[in-house]
Amino acid sequence: MLALLQNQYDFQDADTIYEVLRAWLNTEPVEGLRFTATSSNAMMLVTALIFIFLLELLLTIGIQVWERRVLGRVQSRRGPQVVGNIGPQSVRRVVLPISILLLIPALLYGLQYWFGIKLPGSMLSDLVALCTFVAFIIYVIYCFGYYWRQGLADALKIFSKEDVVPLNADRFLFTVAPILVYLPALLSWVVIPFGMAIVAGHACYYMVQDLNVGLLLIIADFALFLVAIIMSGYASNNKYALVGAMREAAMLLTYEVPMLMSLLCVALFAGSLNLTEIVQRQTMTWGILPLLPAFAIYLVISLAETNRPPFDLPEAQNELLGGYLVEYSGLRFALFYIAEYSNVFIVSAIMTVCFFGGWKGPMFLGPEGLWLTSLFWFLLKTYALIYFFIWARATMPRIRMDQIMFFSWKFLLPASVVCLGITALGVVYRHPWFNANRIGNYQAETESYQYLILPTHEVLEIITAPERAFFWGYSVVTVIFTAFILWLAWRVLFTKRKHPLPRREVTWS
Amino acid sequence: MLSPELTQLAREAGGDAILLDARRGRALVAEYSELITVLKNLRNAGFTRVIDFSGMHLGKNKHGLEEFQLYLTLRAPDHGHGGLTLKWKYPAPPVKTPEPATGTTPQPEDDGPVAPEVDPALAALGVSAHAIGAPQSGDGNGTPDTITEPEPEEVEQIDPAMVAPHPTLSRIWPAAGFCEREIWEMLGIPFSGNDNLKPLLLDEQFPGYPLRRDFESPQRGDFAAGLLQERSEAAVMRSLDYPVPEKTQATERNNNGEAGGGSA
Amino acid sequence: MTKLSDRRAELRRDPLLTEKIIYAVGPQHPSLPAPYMLEVQADGELIEHVRPDIGYMHRGVEQLCTKRTWAQCSGLLSRTEWLAGSNGDYLLSAAVEEIAGIEVPQRAQWLRTMVLELSRIASHLFWWGQLGLEAGAITPIFWAVREREGVIGLLEELSGHRWHHQWIVPGGVRTDVPQGFIDRVGQVLLNMEDRVHEFEEFLSDNAIWVNRSELIGVLEPEYALTNGASGPVLRGSGIVHDLRRDAPYLKYDELDVRIPVGEFGDVLDRYRIRMMEIQESTRLVRECFNHLADSGEAYRVEAPVDVPKGEAYVAVEGPRGELGLSAVSEGGPNPARLHLRGPSLYHLFLLDELCRGYLLADLFVILGSLDIMVGEVDR
């Protein structure tokens, strides 16, 4: 069982789809179509941009519609698209066929894996290929029917709006600011590993570029976001916009530092800033186990960095009428809007990559279905986190600006520093979780460290006593804390507490 | 219902000038010049909450002045928040200077509700004191006017410019200041001493006083026809029809009366 | 236009040339339920001075009332206090009954009490939703309006109107309660109480909300007393005053009204007072049922069209405070003067003192806690 979960698909020489595409283009796919180096680079660039742009657009509009539906559900009303491919009919038309289509090969594969009942020849792999393909088509059609009407209507409406630039506004900056807000959001999609596939016997990731400093790119992306916000607030020639932009800038700045700290914990854990390597390191234990406090901190920070409620004071409609966005309309506003949802997806993706094992999970369709199962797990985890964002929006009032600042400087920053300290201790003390079960064992013969990937119980045997003490101490604290969180959740969700609980001295008289 | 303590309190505060109505604690103020003193006494006696201050246009009185009835509702927190409503008329009936030679008691013009004494004959007929203020037709017994109407007496026509503005109540109760703004813009009664006498609900260029009985709403097209004039800034800050004179007898008396403490 | 020399003199004095920002909040603003303007002078975000500018919703109600008969005025008056629609009707009826000396049957008085308390519940529910919106939570308004639908549905069953009932008339009430109405009221109130518990969980226990509202907008009791505050605003500061107890009208002298009184006078106190008032009103409505059975059959007596000469000032404890009507009749079918005393007018002008020293984001929370109804501010 563990073997299945361990996901033996850890290829060290995996490529990205981008590279596979380039390699394929260089093999002269069409007769006479030969690329030079520059033209193939240009072709790749255009392809990549189109790919990211379309993917981002689809997924962010999907988030938007989903958010509105969820908000409607919380608010006891229906959201948009009451008629269409959402609701009970989708279960009949989409979920059931896809589940059946995927269940059959999954069962057969499970039979083969555990009980050794093999199908003759390559029937299983063909079946898996067929089923996954058809399931994918159904899913695409469903998604296409899910939100394309609403999304298309929104897009058409936005495109057809009048281009309004306020009087005495800095025209150049006014135009550039939304682009500068959108660009980092777009570019961050380059490094996110959506999944893995085996193409022609060769493993490759769903990524555009497997940067060695992928995590750093994401952090830099948020810094660029900050500059663009200030630019947009200044360029509007509106004192409310400027005040909103200043608030926004202050908030983003203060939340950069704890974010950096918590992501540094992840880097310590994985030993690299490369996102695919971070995912690979989570074979034995997911990042959440050692890095729970870092995850908690990063979760809150991601709400703040993307201006999601409860941290949306700078851009809220009620407060100063929208803050730095107040003068933007039409396509410029759409760029801000898409950038915000894109950022939401990116931070959720980063959270799944760093803490939840990325695209890892039981690959129930075998190597032939790897492309679907890895994508499925990745999107499942990402959307679960996005649901948390939507949930936070539905339920929480806004935090005031000075309280936001207080929270960051006085709580999150010390907490993240402490967290970094604990992670560093864990790494040094060879805690198996902190090292992604990759324990260095000093070999006296060769006077070098040999890194072995061992399960936890084996690690316990080879580490020294103080390290073992740290292990047990950390584990006990984690278990108690997790139990406390679960108890709190149970109490909030499932118990009906009597009110009023007079917190103040409001007395009857 | 006004409690006995409150009744006694109000009576002490206002002196003989306040008559309490048994049902609801409504009272009349006879001497307009004593108004501020009475109100201050009321405030000091415990009526620290002003609930409402409003006015009504009665029409042109026989002196040719526009007459208004003002209502003030107070509550006393220390005494169970019982309510007291006072009413008086503006402008004050002109007070005749007493003639020392004749020795008769000076009677003010019975322009409004005057002395609270009830003629026993009228009381026997069931006329209550607070109804005295209303203009009586005939002898109050149902006899029509044509038979026993008295001869019209010679009443002097007073120049509106000589009428003193109403003293402000905002020094006594701050909340009354906003009510005064509304009374000013709706009825045109000027309040002296209120620094913030700007229109509350209407815009500054609104012509006329809407709650007067002879008010005609501006019609569509009036502005284009030039019938709506912009008010000058000076006129906006003061009343148009009652230019505030520098000093009148009434203001002098009020100022001397307020010698003890000008502001609340 | 300042001259160049003036500007140079200014610069010499203060080279940084700092100015205070003047924000104009309104008259159109997502946070304001109805149009009015607040001119906020702030040092950055620290509020120094708030000047309300009202009159955007002035419809000349008082002037129009003089042109209509007494019964017709109830339509106008209930539209000044639209969230608790029956208060305006009751004020008018009470004024006419007092001037004309009409004795209203007992059943009508109990029914009126019940309807006024139901209106209070409806108004407070909407206030809760609006407050959540001001604080930034987008869910409460939907829940509040949904619960309010239950109460309004009851009132619609009774009177035919959802908001402006015109069911309380001089002389009594227009119709008797339908069959089974009492049971339906009980059912609606039961459901609503469960949901109000959920509401409390949503906002009252929320650390974010408590941080936003604790010790914000503190109102000193003396200032509240001398500046015309009433209702929950006054009670939040610790003054024990409720017209239902201190100057009872309708059947409140027979009902034991418990009133919540705060301690600090901040937003949280006023919030808690209104939540407790919802509970109390529910209890009072249930008590009215007990008395309805043995209060007779008559629910209306004839009231004259021509009201005799007289004056009256009647006041109720509305959801926002002391809602009063000063009525003057000079005989005849039309009122000579109707003046509505709206508590929100006085509360709005308390803002200057309430907001001084707080941040701009607190202004909206304080506004929500004051529960301003612009209809009775502007009339």
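Per-chain numbering from 1; labels A, B and C assigned in written order.
Quick note on the criterion: a contact is a pair of C-beta atoms (placed from the backbone, for glycine too) under 8 Å apart; a residue touches a chain by one contact, two chains touch by 3 or more.
All figures in this text were calculated on a predicted structure; none of them were measured in a lab.
> Select the category (line, ring, star, complete, other) that matches the graph of chains linked by touching.
line
> Give me the ID of the chain with the smallest distance between its Cα centroid and the all-protein Cα centroid.
That would be chain C.
> Hey, how far is the Cα centre of subunit A from the one of subunit C, in Å?
About 47 Å, centre to centre.
> Distance from the CA centroid of subunit B to that of subunit C, rounded to the nearest Å?
30
> If you average the CA atoms of subunit A and of subunit B, how many Å lie between those two points?
Chain centroid spacing, subunit A to subunit B, equals 73 Å.
> Give every residue of subunit C touching subunit B within the complex, in rising order.
54-55, 58, 60, 62-63, 66, 98, 225-228, 230, 239, 241, 243, 246-247, 309, 311-313, 315, 322, 324, 326, 328, 336-337, 339, 341, 345-346, 349, 378-379
> Mind pulling up the subunit C residues that touch subunit A in the complex?
21, 23, 29-31, 44-45, 132-139, 142-143, 146, 196-197, 200-206, 208-212, 240, 258-264, 268-269, 272-273, 275-276, 279, 359-362, 364
> Using the touch definition from the top, list the residues of subunit B that touch subunit C in their complex.
Against subunit C, the touching part of subunit B is residues 24, 26, 48-52, 54, 56, 69, 71, 73, 77, 80-83, 85, 87, 131, 134, 173-175, 178, 186, 199-203, 210-211, 215.
> Spell out the part of subunit A that touches subunit C in their complex, as residue ranges.
The touching residues are 71, 74-77, 239-240, 243, 309-310, 312-313, 316-321, 393-403, 496-509.
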